[in-house]
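I have a structure here, written as structure tokens, and I will follow up with some questions on it.
For clarity, chains are labelled A, B and C in written order, and residue numbers in each chain start from 1.
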Amino acid sequence: MQTLARQTPELETSPHLDKRNKLVIVCSKGSLDMAYPPLMLATTGAAMGMEVHLYFTFWGINMLRKKTVESLKISPVGNPAMPMPNILGMIPGMTRLATRMMRKSMDKMKMPTIQEMIKTAHDSGVHFHACSPSMQMMNLTKDDLIPEVDDIIGATTYLDLASEDAITLFI
Amino acid sequence: MQTLARQTPELETSPHLDKRNKLVIVCSKGSLDMAYPPLMLATTGAAMGMEVHLYFTFWGINMLRKKTVESLKISPVGNPAMPMPNILGMIPGMTRLATRMMRKSMDKMKMPTIQEMIKTAHDSGVHFHACSPSMQMMNLTKDDLIPEVDDIIGATTYLDLASEDAITLFI
Amino acid sequence: MQTLARQTPELETSPHLDKRNKLVIVCSKGSLDMAYPPLMLATTGAAMGMEVHLYFTFWGINMLRKKTVESLKISPVGNPAMPMPNILGMIPGMTRLATRMMRKSMDKMKMPTIQEMIKTAHDSGVHFHACSPSMQMMNLTKDDLIPEVDDIIGATTYLDLASEDAITLFI
């Protein structure tokens, strides 16, 4: 079966010169399920030779906090795609259960954890930027963040990066 | 009143040559309300002559599953824009009620269902791609998917499509 | 500390000619936390000299309604990044409490309210577009909207704007 890290050989040997080679993603969610997509795209982009920037803002900052990066959760309520009625999701412990179920699926697929993906992404050159107003709002300093964070930047710097003909996404 | 499928005549007769003519959308949500925006944009884009690609990942896969496409729901909790307190949203049956209310509004507007929109989009040339790691995570094979799905691709192929000067969105 | 409105001097004095100078954001959420990001990016983009368009659709219409713009809420449930168990979030009044807590953080940072940000954005030239099918679905007319709204447009016009080499985001 096709795996995430798979690389199309043609892409590596004959990159089209007119293609965009930059990927700039805003990461605004702090839940386990929405932490995977930006990291998957980032590592894939880096493997394809793209310059990749992740800009963490609002709840997304939780992906960069030493205190929370290991304990990102998935909510069993408010997401009708989860096969669990809201009333069950309310029972204390259900967020933990839903999170554990997702972690198990990930394990079975031999998917790396968020922390491992951050390390891999960082090692392959992905840039990690924390949003400064979000840091202020959450009363955080650089010491609260994992070492993979490159810098703390504002919206101006983000838009400057995004304006350089990048693929832009808000997750 | 202006309707969705309305086309600006100037656009059809004198397309600007320097305009981007490609639309590549990541569909990551499995709820009824977030199923409409990508399909609306896709059919509109196709009607404008754009090359349109939808890449379904994570919960978005539910839009492509035979088993779930007809029963996408909208959650009455965790969305403060819904005029219903969380405590009411917890009552069993409220997800069904909120969903039925939205379906009624859609009906009244003569809005097609998700399945009808998928058919229309497919008939007008919109490409439907399922994300392979998501399929693995959910233990699905091509047989579980509706016939409109073109193929199962990975993040590399998605990024390759997105890099061709497309309008990119993550929904 | 770096603030949101901070402008990189080099940007103002020597804009790169090949940079994209247009920002087109779809605003689809009606919650207080997801109302800030598009407005922050919009005002920052406008301050950098960009042409900025905000297209409000689905729940995002609530940001433009006279009746709701002052009372956007944040949900304490369904967002595992919020430090509150779902069961507590169910207690009547908790949405109000979570909203008040966020408003206080914003106040402490001297962050403007959503209404103030909309005014500032409008004054600095940001364009506010309401989505016509969403207006129909919610039974609204132009009179229900705040005066900063420029016009009511459909998906064709939105895609036309987005196709002009803009930075595109779906929030």
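Before moving on, here are some points about what is shown:
Simple rule for what comes next: contacts are C-beta pairs under 8 Å (C-beta built on N, C-alpha and C of every residue); 3 or more make two chains touch, one makes a residue touch a chain.
Owing to the predicted nature of the structure, the values given are computational and were not obtained by experimental measurement.
Because contacts link each chain to all the remaining chains, their graph is best described as complete. Under half of the residue numbers found at the subunit A and subunit B interface occur in both copies, marking it as a different-residue contact. Superposition of subunit A on subunit C using C-alpha atoms only gives a rotation of 120 degrees, nearest 5. Centroids of subunit A and subunit B (each the mean of its C-alpha atoms) stand 22 Å apart. Counting partner chains per residue, subunit A has residues 75, 77-79, 90, 168-170 touching two or more of them. Note for the complex: subunit C touches subunit B at residues 26, 28-32, 57-59, 62, 68, 72-79, 89-92, 94-95, 99, 132-133, 136-138, 152-160, 162-166, 168-170. By the touch rule above, subunit A contacts subunit B in their complex via residues 1-4, 6-8, 11, 16, 18-21, 23, 33-34, 36-37, 40-41, 44-45, 47-48, 50, 75, 77-81, 85-87, 90, 105-106, 109, 111, 167-171.
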